[in-house]
Amino acid sequence: MRTLTPALRGDVITGIAVTLVGAVYYVATFWIQETKNIVTPATFPAIVGIALLVLGLFLVGQALYRSQKIAEVVPSGTTSAGSASASGGADASEDVVDVEPAGVVLDAPEEPKSKQVVLQFALFFIYLGILIPVGFLLSTAAFLMTMTSIYAPHRWVRNLIFSVLFAVVIYVAFVYGLAVYLPVGILG
Amino acid sequence: MRSTAITGQGRATSASRRNRAVKPALKVGAVLASLALVATGCGNKAQAPGEGSDYPKGPVTVNVPSEPGSGWDTTARALVEALQKEEIVSSPLPVQNKPGGTGCMWMTSMMQQEKGKDDQIAITSLASQTMKARGLCEFGPEDTTLIATMYVEDFMVVSPDKGDIKSVEDLVKALKKDPQKVTVAASGDDTLPFALFAKEAGVDPADINFVNYEGGGEQTTAMLNGDAKVAIAGLSEFRSVLESGDIKPLVTFAKEPLQAPYDSVPTAADSGYDVTLGNWRGVYGPAEMPQEAVDYWAKTLEEVSETKTWKDTLDKNQWAPEFLTGDEAEKYAKDTAATVEEGVKETELGNSK
Amino acid sequence: MDTLIDLGGGFASALEPLSLAFALLGVLLGTVVGVLPGIGPISAIAILIPVSFGMEPVHGLILLCGIYYGSMYGGSITATLIKTPGEVASAVTAIEGYEMARRGRGKAALATAAIGSFLAGTLAIIGLTFLSPVLVRLANVFGSTEYFLLMATALLLASTMSSGSRAKALISIFIGLAVGLVGLDFQTGLPRQTFGMSLLSDGIDFTIFAMALFAIPEAIRNLALGRGAKDVIQSFGDDKWMTKQDWQRSAMPWARGSVLGFIIGILPGVGPSLASFMSYIMEKRISKRKSEFGHGAIEGVAGPEAANNAGVGGAMIPLFSLGIPGSATTALLLFVFTMYGLQPGPLIFRDESGLIWTIIASMYIGNVALIILNLPLVGVFVKLLKMPKEILFSSILVLVAIGAYAIEFSLFGLMLLGIFGVIGYLMDKGGIPLAPSILALVLVPLLENNFRRMLQISGGSFMPLLTRPVSLSIIVLMVLGIVGPIIFRWWVRRRQLLADVSVA
């Protein structure tokens, strides 16, 4: 087994995920009622599902093929392998001419730790979940307080003031200004 | 007894379909618009029409089971506008959009969650009957507390001025010769009356080459660019191009000849094809709506249907008045439901293999 | 000449002090409302329709036009500053605009957007004033075959929007198509890909999708980086006005965007959103600074913003002349006009000349009010970015949640937002560009409907693609567009080789 560079491993995972999505999407078209139109309601969804499936497989194949090439090239000591694997995003070999000169990438954004990302998403989902039952004001103030305090715990007074104020201002603006009634929840 | 149905018309479907592509923005808009209407509604001071009782005690929500800008939506807004401008209702009447499943989602709620309530009314039309007939919705307007029918928009078959089809006879001849060649631009279930017409004319409705468009504008373009040979939709969809003469009317499915300037357009029945179907719009309440509320709304809607504001609105939009309440409305809804069922069977709208 | 006299009459009624006040008020209200995520021009207009009914028609129309322009610009502000597009067109602005803002160029981005919108809007209204009768014919040569081809071309081009893997761009497009197909089938009304959930039968809202894909991953990433990490955004807030170079770089995109937007806008049903995407793609293709795209190229803001506003003007042509609304917003405007007793159609310029010229004059005035009001405020908006990051990004999460709530009013809508946020994050992590998905979601109904119409009309034959002159021309152009660059590249490379040889 050859080892994959991180970028290529990313492509393999992405490809597999896309393939699975395509497969599920394609299978879901079986439940679409058939009609006798020339192009049935299922035609487009089926094309899309299959296209995703194929593209996903292509991505996997491309990554494996490239890693093989790297494996062949590296021993011979050239540096091209480095550039090929430098970025998962730039592996558009079919368009080599278009690949921009390096150096313009002012700021490859720093990647956060996955654990942190999962935590932030979890908190966001909790907020989305309680928004209606608990009500906008309470859930928003609590959410903002949590988010800001994870980031800057020492400034909790500012966080608290901001959280409450923001929730109230937004609530007033939407409800009284726009007549969009945000959920009142347990305060109602 | 409790139902009066307002006659609405087929444009709801086409409009709601039309909005699908652009729906997101519209939806928000609708919501906001409805909410804003609440605000304006509060200003009215007028008394309820001569009722001793104090219904309605609070705001009554006028529900639109589709996006803003759709046929149902414009009906609701025009209606509320008239009710408030003429100071017929003193309570606020917030218009709220409850889109979902071509009106089915909200109709189901009105049958279940909102059952017995007196502060909810909603707009419905022929489209909801098609939904039921096609088995896509458990309930139809005839199952709800139909309060009134308000107006009908008559279906009309039109053809481009420069086309070969100049009359009903031409149309039938062309259909008999090669139905595949006579592309019929239609929006959603506007195909129904045309299918029934084809059957009457001795052409298998299954052979008709219906091409789906999102409303009159697209249909007009399709006729002008040659994609469609004829089109069927509510009269108002074609009004401007009819006036300019680019498009000619062939036949209507109205009960009686239309008003001028379309009085010379033959009805299908007069031409020997026994099809009468109009896209009506009506107002309904929740299942088991309290009698007091039903009576109030029947009376209120009757009152508004006689106002100048409402008549102007009908006129501007080429909607034909068809005000019925109580048993009459119910009978009307049942009759159209039967026609729709027959039409659905003939066209096997989307259910066939 | 008559046109000018009529237009003069329109201006006469639109230029009274009270009318001007309404124009400014409209722009202000529109901008404020448009800044809220999930609330685009359409909602802004819808909110104020009932208010305007109480007014004189002239004032009501002027107010609505002001609101329209204001809210469109409001959407560009959020797209630029917090990567939260409120509507389709500003999704494009979010790409380069936000990158500019990250680099401390927010002011320049907003300024080029405002000026471009103004110029394009004005040009488009001039076009509308004088070219309507000619251009409306364009709509009649475009049948379903041509529409299908146009949409397919647009999607193919969209795969070049992002730099990087073409395969991944295609995946992005197909993801957008997949999402766009969820819901009731337009032609038969049958549910598709809803996985048995009736809540999905209305399809997935564009705004939710765009907010989830753009705003959420960005906010979560920044929050997750935590205090210790070096700030991703280096110079938010530290800002300069448009430089001379910015002006130079914006000028041509404004002009190209205006023309392109106006033409695409005329095609009913396509409208301004496609115009802004196409302008972006065009700017990127012809730019000498391709490498800057995706990293804050001012052309990528100037062109699409101009195209968007010009597209709005273009969309008025089928609206006025045929009564065909080209977009959600124009559909709502159509309703407004009808309520004012205006019946759009071929005869409108003859029969309703008073009102129609007033509307057109109000559009000019709304456009002027937009720039008068917003240019000075650009600096104020950009100051928002000086907020501490944890506050900025957690507020964005709250705002998108409200946006989603104001669209669906349900837990389901909120969960969709969250789920697509996760999907957006994963796509981004996997190197799949996000913008093509969004375009695909917008275009899928047009693509599919016209494909099905084409085959329905032809009885299942693909021949119309080759037998219709306009369609054939598009195909020829497409082939040239694909083969041309290959030959060109080959030629360039050959010349370089020769040059190298001669140098050697």
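Here the chain labels run A, B and C in written order, and each chain numbers its own residues starting at 1.
Going forward, contacts are C-beta pairs under 8 Å (C-beta built on N, C-alpha and C of every residue); 3 or more make two chains touch, one makes a residue touch a chain.
It should be emphasised that the depicted structure is a prediction, and the values quoted were computed from it without experimental measurement.
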item	value
Most remote chain, CA-based centroid, reference being subunit A	B
Most centrally placed chain - per-chain CA mean versus overall CA mean	C
Chain centre separation in whole Å, for subunit B relative to subunit A (CA means)	43
Distance from subunit C to subunit B - Cα centre to Cα centre, in angstrom	32
Chain centre separation (subunit A, subunit C; CA means) in Å	23
Per-residue multi-chain contacts in subunit A, two or more chains	33, 35, 41, 178-180
Multi-chain contact sites of subunit B, meaning residues that touch two or more partners	31-32, 35-36, 39, 350
Sequence positions of subunit C contacting 2 or more other chains	39, 47, 185, 187-188, 190, 406, 452, 456, 459
Subunit A residues touching subunit C - in the complex, by the definition given at the top	10-11, 13-14, 17-18, 21-22, 25, 28-29, 31-33, 35, 37-39, 41-42, 44-45, 48-49, 51-52, 55-56, 58-59, 62, 88-92, 94-95, 97-101, 104-107, 109-113, 116-117, 119-121, 124-125, 127-129, 131-132, 136, 140, 143-144, 147-148, 150-152, 162, 166-167, 170, 173-174, 178-180, 182-183
Subunit B - residues contacting subunit C, complex	17-33, 35-37, 39-40, 68-69, 74, 77-78, 81, 99-102, 105, 131, 134, 136, 180, 183, 188-189, 209-214, 216-218, 220-222, 224-228, 239-241, 243-244, 246, 316-317, 349-350
Footprint of subunit B on subunit C - complex, ascending	38-51, 53-54, 87-88, 139-144, 183-190, 198-199, 201-203, 205-208, 268-269, 318, 322-325, 327-329, 331-332, 335, 338-339, 341, 343-348, 406-409, 442, 445-446, 449, 452-453, 456-457, 459
In the complex with subunit A, residue positions of subunit C that touch it	33, 36, 39, 47, 102-103, 163-168, 170-171, 174-175, 177-178, 181, 185, 187-188, 190-193, 195-196, 216, 220-221, 223-227, 229-230, 232, 234, 290-292, 295, 388-391, 393-395, 397-399, 401-402, 405-406, 410-411, 414-415, 417-418, 421-422, 425-426, 429-432, 444, 448, 451-452, 455-456, 459-460, 489
